[in-house]
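What follows is a set of structures to go through.
Each of the next two complexes has subunit A plus one other chain: subunit B in the first, subunit C in the second.
Our next item is the complex of A and B:
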């Protein structure tokens, strides 16, 4: 018996060891950089120590263990990995045609090879909340992933995080249908649970070889606590988890008119305290309702709402984060993948907020700490502090400066991105070849001029006889000298 | 004085002397009264702008400048200027000033052009949603019919017969060669597109026609705001030609002429070969007509077009060619070589593949926008897939005069952001600024009037909170001809 037990333990341990194949370097010290921890004051020059994928020390003076890999990041900025709070781009298709699909899981549609994840890594987004698109009534399960890994399993930070709901109809549908679908779904759930409770009570009685002895209502009452997890089918299990508190709800509201019904729906079925509201461009107008509900919001990618006065034709614009910030709501920003370029960067979205007068700290939180809070991951992600996971971005400058590049990205303490090895970026910037070519040209010129100088020294008589070549030689040698002088200057 | 007059009055009692004296007195008094108003006329204290820094636009900067503006023009710029009395002073703490931005290849919203669309500009979009989403914005949305006539005259023949009276669409669709038409005629000056431009700091645009004709209409150079009579700087600017797939892709009646006679419903070029042929034939027609010969054949351009094209050949009217991919840029260069034409290259997305050829052709380039993956009006063709971040920088490094354009992108996403992109991809601030101010002004031939902040030039200014083109900076104020047109203080 003991032998068998030890065997099992050995097998278990070996499988575990195999599973964690991408073992991070056990100890890693990022030394000498400017640290923006987001959760606290900046450290002008400090060190972050990551042990086994978790930050164990941070500060100006950190005792670095003798066996730690030390990486010099002086003149660089250390920033927590940014979090994309609401993305359906990693999926092969963002929406399912059916309206009510709580049995779906984005797990089945995540494409690890998608360019989206590569871009996310390049842009410093180290955690992506992959969730179904907005064209649904009640969608499937979402998942928090990191943009590295060959399979969805390897990528996963946290599975089955939330259910997607949409209070706004997709095109071709209308708001009455939308709400009717919600009512039908939850009525059907109640009906299903009642039937199941009755069945369970009957089953339990059958075990004791008894026949049902009470009326149906009483049977349902007695049977309700007897329902086990495995009794529920896929469709209803997730709905039960939603109403009972194991799953969050991310509710999309395209327009302001959708916010009220969405809040009522969440209140009615008991998941308002676990609801996150994903807003469309116009929904910010319902800011009072949102403030009353006091729930976090995810702002639309295009942060500006533009409106034409129907009478004068004048165009007015509202910067949405300004309104939300004034109301004191917790908000997170999304990147805008449809933008020409700049709004693709989450840190640029935060910079736009600062431009419109939102405090720097709030803007930085809205791309790191706030989404982490919304995802229930604030104990692991969203800032640089002891005990959190080693999701660190090494930036070339301030995160709100548009000329800043992501130099390196560490995911769970693993070096996941290095700009010097980013082939695609090099091609887009046309970087490497040119500088290499220039160096080659310089070298060649130097070599040529040197050889010609040598020639001149060796055979002055020859150059005198042939005037043309002599002149050329002189010119070249002058150029060579110039090159040499330039080089000296460079040094 | 009175005593003096009085004594005279006492001594000499002659009425005509008395009259003279009164006249003298009246003259002196009236002169005394007019002097102050006269001095106001000469150095009218109109406006002084104080800021933390001004970027002149030619590479120079002045710290803590004062910009004096008079009659819509810049009178003086300097840090040690004395301010006249009674002057209106606008002081922006920590603000920096740049010249008004110039987009040398702006595409105006076609839905706002008269009468391009059957739907009014406010009615577009589903469910009466007034917001302008990017999807509703493109100039060449297939849902917005680029039609020739209106409902009463479905063939549009009446319109054509009356010439291009109203500027039917962005580019006239009656022929592939329409350089005798003008974009100006179809510009809706009340369009909110101008408002969106000016909010992004753009003060002058070259309103470029779309690419739906091989040799398209002539553009116009316009101010984006201000009194109507001052908005048009140049009514008839360059002729625009297009090399690429756009003319056959965008033409509204571009059916194949198979089994049909060639009419205005069947336009010819379906390939790059056909397109090049139309271009070449148009110029040959112009030369033949000038020589008194008859132009003939199926694709003969109109005599009006030939007249304009002959002026292009003579170098009196500038030529612009839109070409995106390497092959098309080479074609443009070859065609212009054939007809000894000078031209400006538009878009040039793949310029990085043929920098040497562009250098040799001496053609200036209006590049942009900078993007990685195409969106908007560039999204649905195969010409924009191989864009690179570095192209603009490479053109500058090769010494090609290059300006930046945002084309159909507006506001935050507009021209200022193009400069910001350029800086991210390795261009200096001053070079980026020049590419949206001085360089386009030169290309438009207006560098005597706009493009830099120098005395005598039009007072088109942008005031930024913070460093211009920085992500956290905002356009606070925009001045056109010395008038405030945007004020976000």
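Our next item is the complex of A and C:
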């Protein structure tokens, strides 16, 4: 409740900051922490200055304005807000039902009250790319949001970012049907645009009170440049934006066999250079094709692909990021927020990469800078550097250490999370405190007993009597118990 | 709330309904003829009661007071000392009773037979009106009157995103015309819940898109006519029955009653319908954790919240029981009323719903105001009903005590100055 309240207050604050003069502290200095900027070398002890939501200075010595709010983060680690590159969570439920829906927008389904966003803050994920439709043909528009705000509008970092396409068959469908659905969609688009071009040409002639003077083919040619944005209906507008360059394509490939058709589709309609490939566990096998296409990939939450040899029965495991990294592809890691396993943490995913020999820098980039690049947000997100937005997590330790907690999270320079006020972590924190107290008590007891022992050494006579009486007492009680048991047996 | 899976394909015109219309209109004609119209002559009534809760602008409560009713309207209000009862008035002398405004229901589906609610045909069904399904003097209406309810908004169902237009009625009159206050009285929208079961299950993502498309088409039609009427264009738009009722919605002459629950849905209602399409919306139900949208609701200023019938919410995350109305109130929402969603909760139990809201933490006076004055404002009828004010409709309930107290009984109900229920003659329950 308190967390919720603080969240709402924070969130309320945010909106006020947008609309009115009651702005949050516009200058914020996070002072004395170890800074991992990701874009450059670490700063063992430094300061990050955020003014009006943007990082304005960073370094060992930063001149802090007299009116800045100074937060002491010594002993802590400053890390860029992590980015979840591909999430179908945070929606009331994703549309995985209607197959061809280029007109849909996750905007209509984003639920700001969803626990998913609260968890994102807790886990240090400060930007979430909400995108649906792995189980569609064309799943609609995605949106990049921050996990604070009362409405999708307030949460939005970037709207209408990409269209989702799925090269893998929708459940109940097969690969031929899936590709046929794409052909039909794009053929219908071409047909629609031809008709529209003809109509526009006629309209323009009608303004000059002229009758149509050329054949249909020529009319289409002349009419095509006359098509305005407002002439397009919802269904076709987004498709035109996809083919003409205003929208990116995020293409889901569940299996390796889907990668080829996906690349061809993107090539054919001119959006390969704006395509990101979202891979299922088995899809890494198409690494050579992906390498040739040289496009970024989003890896599945399950980073290990397991398969059994059909003849020998031998189990082999492949660590997917290793293969992708060796191929030199830009990749981003996905968490699995629905999992109760450690895969739910992006920093854990990155730590696993290090375990498998991927350089630490590359692993860190795959949860910060790389997704920012894929989302076209590298000028604002993904690292701690001057000019970028103030998306900062204050960690208790190294981001790849399993024992690390998110202490605080700043979104656009706004304090959005504070672990000491997280009631959902209260039990755990209490436990920590209690065990710490116990340890202290134990230590004290040890110290006391040690001093007692010392005292006892000084006066040996007293201890002897103590020991005697103690032992005697124990013997008494043991005997008593024995007697009772015997009595019971008798009865 | 109500969503009855009835006929999948519904024909608009039934033979028997046409016959019904013929008969009712004939009856209507007969009844308006002078010799038979005696029953319509409003009585002159004088109430001498222990307490009059006026629900007027000053929240006046008069003790030991007199209310005179004449010509179907409230004629005079005063204390026993100051206001003498003139000759020719039937005196109703109940010195220990309360006189309160007739209760107002802003969410009623007990319009006729349940299969007439027209659910599950298309996701948006403009062009339908509950006026076509209204059955005068039905058992539902009689029972409502016995509970002191005098005005209701009769709604189509909530099985689709836009199920048509509702009707504002008095709960008395033997013909539809006599009952009618305003038709259409609202457009009915349902944003989630029941309509999600349409087809093989559609997501809110598609439903909101579809609803927005429908409303934008309606708005485009309205704007076309507005331009023509303002003389901006000489080209007269084509009349379209399908879209024409929406003109009143976009002129804000009638409300949009929205079946909406949960945070995300109420947030969308506020954002899409009130903020972006400038409709005058009423949040119907507004249950579960919807109360968390209170800051968004208040921002829009003219949104009314009509809470219920579910009065409690168990918050799974916080593991707490929440009173819905109490939480809305706590969030600063003052345009707050209560509904029954009749026949989900029987119409006569409207005050009991308000009592339940109080049981879960709301306050009795705002609760009573929530089913009288606020409900009238919700329906844009505050100039006629929902308060005991000179010149307004004489719609009254005579109660043995506070209607919010479940021990109180309604003894007498008056609609348009006529006694339509008298417990002394036949007590309903």
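Here is the rule we go by: the second predicted complex is superposed on the first by the 400 of 491 C-alpha atoms of A that agree within 3 Å, B and C clash if a C-alpha of one lies under 4 Å from a C-alpha of the other, contacts with A are read in each partner's own complex, and residues count from 1 in each chain.
Definition applied: a residue touches a chain if its C-beta (ideal position, glycine included) is under 8 Å from a C-beta of that chain, and two chains touch if they have at least 3 such contacts.
Predicted model only: the values in this text are computed from it and were never measured.
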| item | value |
| --- | --- |
| First (subunit B), second (subunit C), both or neither touched by A:314 | first |
| Which superposed partner A:150 touches (first subunit B, second subunit C, both, neither) | second |
| Which of subunit B and subunit C A:428 touches, first, second, both or neither | first |
| Partner chain in contact with A:208 - subunit B first, subunit C second, else both or neither | neither |
| Partner chain(s) touched by A:111 [first = subunit B, second = subunit C, both, neither] | second |
| First (subunit B), second (subunit C), both or neither touched by A:67 | neither |
| Which superposed partner A:140 touches (first subunit B, second subunit C, both, neither) | second |
| Which of subunit B and subunit C A:230 touches, first, second, both or neither | neither |
| Residues of subunit A touching subunit C in the complex | 1, 4, 8, 12, 91-95, 97-98, 101, 103-106, 108-115, 132, 140, 150-151, 153, 234 |
| Subunit B-touching residues of subunit A, taken from the complex the two chains share | 171, 281-282, 302, 304-308, 310, 313-315, 317, 338-343, 348, 351-352, 354-356, 400-403, 427-431 |
| Contact footprint of subunit A on subunit C as seen in their complex | 192, 200-209, 213, 262-265, 267-268, 271, 289, 292-293, 295-296, 317-318, 320 |
| Interfacial residue positions of subunit B with respect to subunit A in the complex | 121-122, 126, 129-134, 190, 192, 195-196, 199, 352, 369-372, 375-376, 388-391, 394, 409, 411-413, 417, 420-421, 423-426, 465, 470-474 |
